[in-house]
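Shared between the two complexes below is chain A, which has chain B as its partner in the first and chain C in the second.
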Partner chain A sequence: MKEWARQKAARKARIEAGSRHARGKAVAVTDLQDFLEAVLQPGDRVCLEGDNQKQADILAAALADVDPAKIHDLHMVQSGVVLPEHLDIFEKGIARRLDYSYSGPQAARIARMLFGGQIELGAVHTYLELFARYFVDLTPNIALIAAVSADADGNLYTGPNTEDTPTIVEATSFKGGLVVAQVKEIVDKVPRVDIPGDQVHFVVAAGKPFYVEPLFTRDPAAITETQILTAMLAIKGLYAPYGIRRLNHGIGFNTAAIELLLPTYGEKLGLRGKVCTHWALNPHPTLIPAIEAGWVEQVHCFGSEVGMEDYIRARSDIFFTGPDGSLRSNRAFCQTAGLYSCDMFIGSTLQIDLQGHSSTVTASRIAGFGGAPNMGSDPRGRRHPSEPWLKAGAEANPDTPAHMRRGRKLVVQIGETFGDKNVPLFVERLEALTLAEKLKLDLAPIMVYGDDVTHIVTEEGIANLLLCRDRDEREQAIRGVAGYTDIGRGRDAKMVQQLRERGAIRRPEDLGIDPLDADRRLLAARSIKDLMLASGALYAPPPQFRNW
Partner chain B sequence: MSALLTETEDKPQTAWDDAASWYEASARQRVRSLLDAGSFKEFIGPEQREVSPHLRVFELPEQFDDGMIVGRGRLSGEPAFIAAQEGRFMGGAFGEVHGAKLTGLLRAARYVKSIPVLILFDTGGVRLQEANAGELAIAEIMRALIEARMAGVKVVGLIGGRAGCYGGGGLIAGCCSALAVSEQGRISVSGPEVIETNRGVEEFDSKDRALVWRTMGGKHRRLLGGADAFTSDTIQSFRDIALHLIRSAPGFGMDVLKAEQARLGERLERFSSCADALDIWKAEGVPDAEAVPAMPAEDFIAVANKVREPRYDAR
Partner chain C sequence: METLSYRHRAQQRMAGSKSMAIIGVVASGNLEVLAERVLPDTECQVDISTAAEGFGAVWEAVVADFVERSSPGGLKFSINDGGARPDTVALRLAQAVRLIEENDR
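Entry: the complex of A and B
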């Protein structure tokens, strides 16, 4: 007789084992280790919630304390490998296999452990891919998640940092898995229900909020005049002619400069209301002046940002907020929005090669992908037209009949020819290839593939790859904006000149931009304090960013 | 026509130039906008290429003025000597040439006697790559400064740059006839990271920037009496306060030194049990001490003047 409900029975057994260490759904922090040893089994597939922002830090620490003789060979399926504990569990033999997406702060250690064979790597994903696989072949047996508060029934309030939680819970709870949440406190009534209690099996009151990294705060004081020049080029040379209204920005200083130039330089160009009205974006503090000046109609967020809570609450016409007034973010929905509903992605990178492939991998650091490849790719399943999408498509395929021609999403890489510590942005060969050989990976970790990139912006100008007709033209267009790097100096001057005449390369002077106008006085805010003042004192920056 | 006016004609001034920020400006912009238009004459300018003899040993870039601009000009019609550190070159740090230029300026002031000196500090202290020469320079500058003051010269320090005024710069500032500081300006000897490294994060968390500013920042220095005047961040207000301090700063002699000793003794007695700047502000009778960091400059100046009248008998 075939059994058809073994997963339900297994969950019932886990709940019974866990209940011996709980009162109702509530587990005490001091009992966490025994509790986890009771509900986990060797070989379980576990999602330990954590992305580039929020972290289930108490549950991570408890998992790292379980006895490896009892719990071992776990298969971790999680967005972020960010806390030291996320890797400690591999060192201790508690976990063995890893499928993940992002590993910013642990990039160097994860590389060492992969080389040393301490981690068996499944794959490095984009956020959307990993979420997708939660519903197909990487469904968790146990999810260890984080929220702000819970009630006795397990209803969860996530506050502004909802992020990955609904996706993880959906995949786990509806497929026989067990959901354990850490919260700051258990309350009589939660401010709003982000996760219904019948999907949550146990709750741990940690007594303190989960950790959140202020990853999207860029101090205007650190923006250079070269970055301002790249921002002017992007606004006048891309945003204006394509009429980019729906977009996503990366987190670098170049795009922070664009945000801060909208109310000054953008206003002077008469672009308010014509560009940058709808965003898939975290609540960047550097967007405050543009919001206040009436540029922005709405913003949907992957997550929140530390210190922006009160500002968002007071600007509910702009942001998505709940009945409690605070932000409702959702990484899976916002990634989807960024992929399908935005006409442009623009962001910085560490290395670009001669075909426009880019990567943030260096030989000793594996930072993962996060969401950038979802934003920075042309969605082949897109069917709705928009002006910038159609215009880009026409530039790429002028000979195809209009009714049969796909549009193109603008995927823009922006940076200085020499980046941080004077390291050249342009390279013959990506270090990602060296890494793939060393680790015997099937795929090199490419952040944005060259065939998705449409433009490259440096202080030397804009390379429009849509107008390049073959490999050679592409290579020379890239060399043409690579300045005094080895790649730039290896250009074919005659071909670069021809590309410039065709508009495939546009220099600042071709756009009527005087590089001497790139001045910090153009920034709508020049310090974190200016941002706080622009917000009407609603933005409360975290202590490490204050300068007063 | 003066150089400055010519430049202004080349590039029309836009609205935001009226309140140009001291913090954002380069040392040369500060000097030119602080002094009367076109009056600045530089001594040992970049064209003479008096660069550091040490940096090339470390394959570090040099700057033709070594990050120190010295010269003379006019302030509201009256002659003034001026020295300005470029905080964006090596963090405004003192090296051999950098220091010697200031020493020379102070010695010239002592010789002339009647012309005041403005020092526009923007420094992290001594340049590590030329540590011995830099430390010697600090000592020489302090001696030259005191000798200038003994000759009757007023030496006014202005602090509001990115690098603040740290290390030997803090010591030199302590020797000046008067100091003006903006909110962004910080005055101290050991920097936040140095304190944390030596005494632990429990003693001083250098990443807690609110703590850094309320311990070393301009508002606290004004309330504690370490700076004689507080000013907003515009070049215009630095100019106004410089004029005011040149007029009101004390001379130099035994009575001024005794008054300074008494002032420091009293400060130690009153505040030695305070664990945080906030406690000091409360003890000083600041009505809403917690609100001080966020207070706009004009409001703060009013509060500070009420709590602690500026006094010009000590230094």
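Entry: the complex of A and C
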């Protein structure tokens, strides 16, 4: 007789084993190591919640302390590899295989460990892609998650950083898996129920908040005049002519500059209400001046940002908030919004090659992708029209009859021709290819494929790849905005001039941009303190950004 | 410290009546540009004093592009460079001619 409920039986056994180290659902921090050794099995698929912002740090530390003789060969499936413990478990032999999305702060160490063979790599995913696999072939046996508070029944309050939690819990709890949450405290009644208690099996009161990083705070004081010029090019050469109302911004200084130019330069161009009204975006502090000046209608967030809590609470017409007043973020929904409901993604990268492929992977750093490949891709399943989408489609395929022509999402890569430490943005060959060869990967870790990229913006101008008809034109359009990098200096001047005459390359002077406007006085806020003042003191910058 | 000097023929005289303009600051990664209307109408000269040595080829390319794009006839530029990136140099030169082409008020 075949058994059809082995997973439920296995969970029941895990709950019984765990209950020996718990009182009801509550596990004491001091018992955590024994508890984990009781509920885990070698070879388990584990989601140790490491999101873009919040981290289940107490559970991570406890997992790194389990006895590898008892618990080993775990398969980690988590979006962010952020804390040292996330990699310690591989060094100690507790975990073996990894499927992930993003590894910002651990980018160098993860590269070393991959080369050293300490980690068996599944794949580097985009967030939405990894979440999708949670429901198909990477469903966790155990989820170790993070929330702000819980009640005795296990109802969880995540506060503004809900992020990945509902997705992880949905996949784990409804497929026979075990959910363990760390919270700061157990309370009588949670301020709002983000995760219903019947989906949560154990709760650990950590006595302190989970670790969260201010990832999206860009200090306006560090924005350069070249970045301001590049931002003006984007606003006047892309946002205005396409009429981009629905969009996502990356996290770099270039897009921060755009946000800070909306109330000044954008206002001068008469664009308020015509562009940048609806966003899929983390709550960037640099968006405060534009919100206060009436540019923004609404913002849905992947996660929150440290210091923005009170500001968001006081601007519920703009943000999605719960009955407790605080932000409700959700990474899976916001990534879906960024994929299907935004007409533009604009962000930075580290390397762009001659066909427009871009990657943030270098020989010594594997930072992963996060959401960029998802938002920075043209959704082939999109069916609703919008002005920018149709216009971009028409530029790409002028000969296709309008009723049968797909639109195109605008996927824009923005950056200065020379980046940090004078490293050129444009390269002959992506280091991602070298990495793929060294690690014998089936696929090179490309962040945004060239055929998804529609525009490249640098201080030298805008390359419109939609207007390029073949490989050569594409290459010369890219060389034509690559400035004085080797790639830029290798341009065919005549062809670049022809592309410029066709509008496939547009320079600041072609757009009537005055270089004298490339001045820091054009920024709506020139410091973190200015941002705080613009928010009516509602924005509370984290200590490391308080330099006054 | 390295000094470089480039002399070009310019297509036309730079518009405006100002005799001098100055922009930028001498700081790390930045530069100061002094533009003076002291040369014959079809000539242009760029003198560079730079803290970063060995970038002659890039300077030559930046200056040649600038002369072609802006046609700064009659102008002599003196650059005090603190190791600025080429994009900053190009921006400052463009700003300098914008300043000098304004009419004296």
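Rule of thumb we're sticking to: the second predicted complex is superposed on the first by the 548 of 548 C-alpha atoms of A that agree within 3 Å, B and C clash if a C-alpha of one lies under 4 Å from a C-alpha of the other, contacts with A are read in each partner's own complex, and residues count from 1 in each chain.
One rule holds in what follows: a residue touches a chain if its C-beta (ideal position, glycine included) is under 8 Å from a C-beta of that chain, and two chains touch if they have at least 3 such contacts.
These figures come from a predicted structure and were not determined experimentally.
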Winner by number of chain A residues touched, once chain B and chain C are compared: C
Chain B versus chain C as contact partner of A:Trp295, first or second or both or neither: neither
Chain B versus chain C as contact partner of A:Asn547, first or second or both or neither: first
Partner chain in contact with A:Phe202 - chain B first, chain C second, else both or neither: neither
Partner chain in contact with A:Trp389 - chain B first, chain C second, else both or neither: neither
Touched partner set for A:Tyr157, first chain B, second chain C, both or neither: neither
Partner chain in contact with A:Phe90 - chain B first, chain C second, else both or neither: neither
Chain B and chain C footprints on chain A, overlapping residues: 516
Chain A-touching residues of chain C, taken from the complex the two chains share: 58, 61-62, 69, 85-88, 90-91, 94-95, 98-99
Interface residues, chain A side, partner chain B - complex: 221, 516, 520-521, 526-527, 532, 537, 543-548
Interfacial residue positions of chain B with respect to chain A in the complex: 11, 14, 16-17, 20-21, 23-24, 162, 183-184, 207-211, 213, 217, 293-294
Sites on chain A touched by chain C in the complex: 224-226, 229, 416-418, 422, 458-460, 483-484, 489, 508-509, 514-516, 518
